[in-house]
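Each of the next two complexes has chain A plus one more chain, namely chain B in the first and chain C in the second.
This part shows the complex of A and B:
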């Protein structure tokens, strides 16, 4: 029984990381209507940058530096590349992001080499919580707490500030918003940077528990897109629910059928797309 | 006599002369060029065939097929497994394998054909990744992560030249079949569905059923390409089902032009040549490949064939949505 609870919490924390990744993706997709396959590549860049940041500074600074760095790179990518394909067919968007994936992943190979990189966990977060027979890694609780606070901050920004309402207005009707005097392209730039910054946050949080390998980007983007689809495009709450479901299923799947964890995820995606193609909470920006 | 060499004659028959020339070059090429080029040509032919079957759905059907690596892998693995584990004669295995791919396409298509646009792409992606995980886990049958190697090939086809001619013949027949399908009433219905699916539903054309049949046909021909690849390379690996391979197929379709029948073949030519040149020049060739893809999407979204049509000022019925290349947004 304790094993189940530990695995459940492990699944929750895994799901939280997936949520952070997918939140950026669903933000970008919901507001800008751009399919960004390269989100996983940005995440990989974030993990490798965390490795670099932890080498020269400590983990706490990495929490601030890496997302900002990633947001800057995302801003450059948006300005140079993605800006031109907002109005293009989905095919072109997918292809462009594929090109960006190639560029980013090979640049990572150029800079960091092929050896897997890992980040050591800060010492005060290592160790387990003991509660009777229950053993919970402290880092899992840390992930859950941090992600929940990020969720609350995002919710506050989106619904209680003027910037948030501008972003929501851009999602609903872009042309009317620009008629109201708002500089829509710069809002898009901001949203793109925020999305990629979220991926950076996900990368920093995940870095101690994940090894940085080449090929991680292709793997993560599938998970991120599955979360976005199951939760509904543009819906952050849906992404949260979907990410937690996927994380828990993946974790408990090890108990049920080891080695087939990924299969469960794809089956869920297929079932959801068959029954309710818009996702669980599929509506723009609930 | 002088009429044959007059300007108007050559201009009007330029198309036929050019294609005859290409055909002669293709047939005689192994005698002039070193075997390396024959290998390349075989790979180009196979990838071009896969691209053309994807183009059946992408350019002529207006969908966004992003999971065809699954059928490529099914064709490849079916051939390899039938030859190695079931002891079929290789030629017979080669004939049966595309039908396996078509069956898998029939199963997947039941779910996929109902969706549109982005969801179509995502669910075909999910299915192809599902197949990938199954291929990797079912090691007893598929060799797992290592794949299957040392697959026997058809006995008369020893040597690269014979494999090349076999591929050439098979691809030629497939192109002819595809041409018949595309120019049949079914093909024109697919084009109508691409342009305006809602209106087609109102004219009592069953959009879902047409998409489903096109999906199965496309899966069949992609399976042919996969089976051909095993005959040529004697091995198969799970990466043939990975989504990046589907991305490669879509890339060569866009690169070559998605409205021309032979567009993907041109795209495959450029892609594989570029790949070969880049891998020979630098270790970090993926960066340049990525820059190239970005450049194509931003500067030449209608592909080589579209560019050619633009140069020749041929905005005919054959290329109806050239103006959509990067400009108008399509609604689902």
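This part shows the complex of A and C:
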């Protein structure tokens, strides 16, 4: 029983990181209608940036500096590149994102080299939390608490502020929103920056428990897109549910079928697409 | 008559010149194709091996070795992927016309390199692929392997776990973790057999098989924590073991269990990458250690490293430098023995060949082309003033793989059972 509880909590913490990554992607996909395959590469850049931030500052400052840095990079990418292909076919968007992936990957290779990079966890977060027979890594609990707080803030912004209303309006109908006098290109820029900033936040939180390695973006983008598909495009709540399901299934899956734990995620994608193609909380696409 | 005699002398002279081995082949550059992972999870160690190859070649060429020929290395990055490895080995042999391939950093890529060697009849020296299959079921006359086999490693691990790490523990609990691929599988079976022989009361409380190249070991660490093993036996390597150890440290795993790893986690490269995050007392193996055995031969070996690389003496050579160096030495010695650089002759000359290394004498077995190489095993401990752990010299064990290799009779039986001649 302790095994199941420990792995369940591990799955929740993984799911929280997946959610932060996928939330940015679903916002970008939902509002801008852009398939941004480079989202995983931004996350990878975030992990490497965290390594640098912790080296010269500390983990606390990294929580602020890295998401802002990534948001700025995202802003430049949106303004210079992505804005030109909003009305293009999805294949053009995929090609452009592939180009951005190569730019980011090679930049990382030039700056940091090919050796793996890891971030040392702050000592007060290391070790185990003991409760009776239960042993839980402290950092897993930290991830759950911090990410839940971020989720609450996100929902408050999206549903209780004017900015959030505008973003949701753009998701529903861009032209009507524009007719209402809203500067939609500025909203797009803000959403793209926020989306990439969320990837940066996911990277900072994940950095002490993963290893920065070239190629890590490939796995993360597949997970992020799976979360978006299962949760429903543009649905933050759907992304949260989907991310937690995937995280828990991945963790508990190693008990059931150790060599096939990853497969469960794809099975869930297939089942959801078959039963509810728009995703758990997605709206039918027009 | 004089004209005919002059013509005859000219023809005779040109025949001598054309057939003279020194003059006729002095323009021939021996090309060695090098296919290793230079990036990704497996890319941590290749740089050191290549430095060993290049330094040895440099030293040998300065002394007129390789039968007076120059050696050139042509390098490719297979990222540890068997398909890429096959593609690059074939490209190097067919397009670059290399005479030798040095490859196989990893069991899966070792097998793929061996298959290409057989198909294209090119001598191939496999450095790191550990699975028995390379020099047994999938053996062919063109392959040679330097590193000890996975069975030799498995037996060594079982002995250390039984005699050192679980001494005095009743019903010791073991957790086994490895990437889900050939090396791990080939190590798992002999380890399980040996540990049960040596410690019949052992309990295997869990196994984990993350995918090859995994970077996030979270759920596996949580699984290990919940089963509370006495020892974690690990066969993950390169960047993967660094990730596992660091993430395990961060999550408190090493507070409740001990670690022993195969595939060289005690190498200086890994110890430096881990820093003080390496668990105190973790056991591992390595090809070489900068401070042991500290004999004249090791000093000379390291002198050549510092001369070639220009690195400061405070920066110890990577552990894989010496096997990279000795591989090239073996090939050169075989060329000397054969009196030729022609691959078929050199292959024949390599069988039974012996050289001295700073760890002891090594030999290429004549029937399976396995080198009887050494591993240094030991626990890693803190030493004041150093930012990384060192091997505990009082408990170092130098193990040659030969006692744990198949005998010729066993080898023939296994090959017969696999339908191979």
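Brief remarks follow.
In this text, the second predicted complex is superposed on the first by the 283 of 286 C-alpha atoms of A that agree within 3 Å, B and C clash if a C-alpha of one lies under 4 Å from a C-alpha of the other, contacts with A are read in each partner's own complex, and residues count from 1 in each chain.
Here is the rule we go by: a residue touches a chain if its C-beta (ideal position, glycine included) is under 8 Å from a C-beta of that chain, and two chains touch if they have at least 3 such contacts.
None of the values given here were measured: they were computed from a predicted structure.
Once chain A of one complex is fitted onto chain A of the other, the partner contacts of A:135 are limited to chain C, with no touch recorded for chain B.
Touch criterion not met for A:199: it reaches neither chain B nor chain C. When the two complexes are overlaid on their common chain A, residue A:116 makes contact with chain C while staying clear of chain B.
Legend: residue contacts after superposition of the two complexes on their common chain; A:70 is shown touching neither chain B nor chain C. Judged by the touch definition given at the top, the superposed model places A:89 against chain B, while chain C stays out of reach. Overlap of the chain B and chain C interfaces on chain A: residues 109, 259, 262.
Residue ranges on chain C touching chain A, taken from their complex, read 38-41, 43-44, 180, 207-209, 211, 213, 215-216, 218-223, 225-228, 239, 242-243, 246-247, 249-252, 255-256, 273, 277. Only residues 35, 81, 84-85, 87-92, 94-96, 98-107, 109-110, 218, 222, 225-226, 229, 233, 259-260, 262-263, 266-267, 269-270, 273-274, 277 of chain A touch chain B when the two sit together in their complex. By the touch criterion given at the top, residues 2-3, 6-7, 9-11, 13-14, 109, 114-116, 118, 120-121, 125-128, 135, 137-140, 208-211, 213-216, 219, 250-251, 254-255, 258-259, 261-262 of chain A touch chain C in their complex.
Those residues of chain B that touch chain A in the shared complex are 58, 64, 66, 111, 115, 117-119, 121-123, 125-127, 129-130, 133-134, 137, 242-244, 247, 250-251, 254, 284-287, 289-294, 296-298, 301, 324-330.
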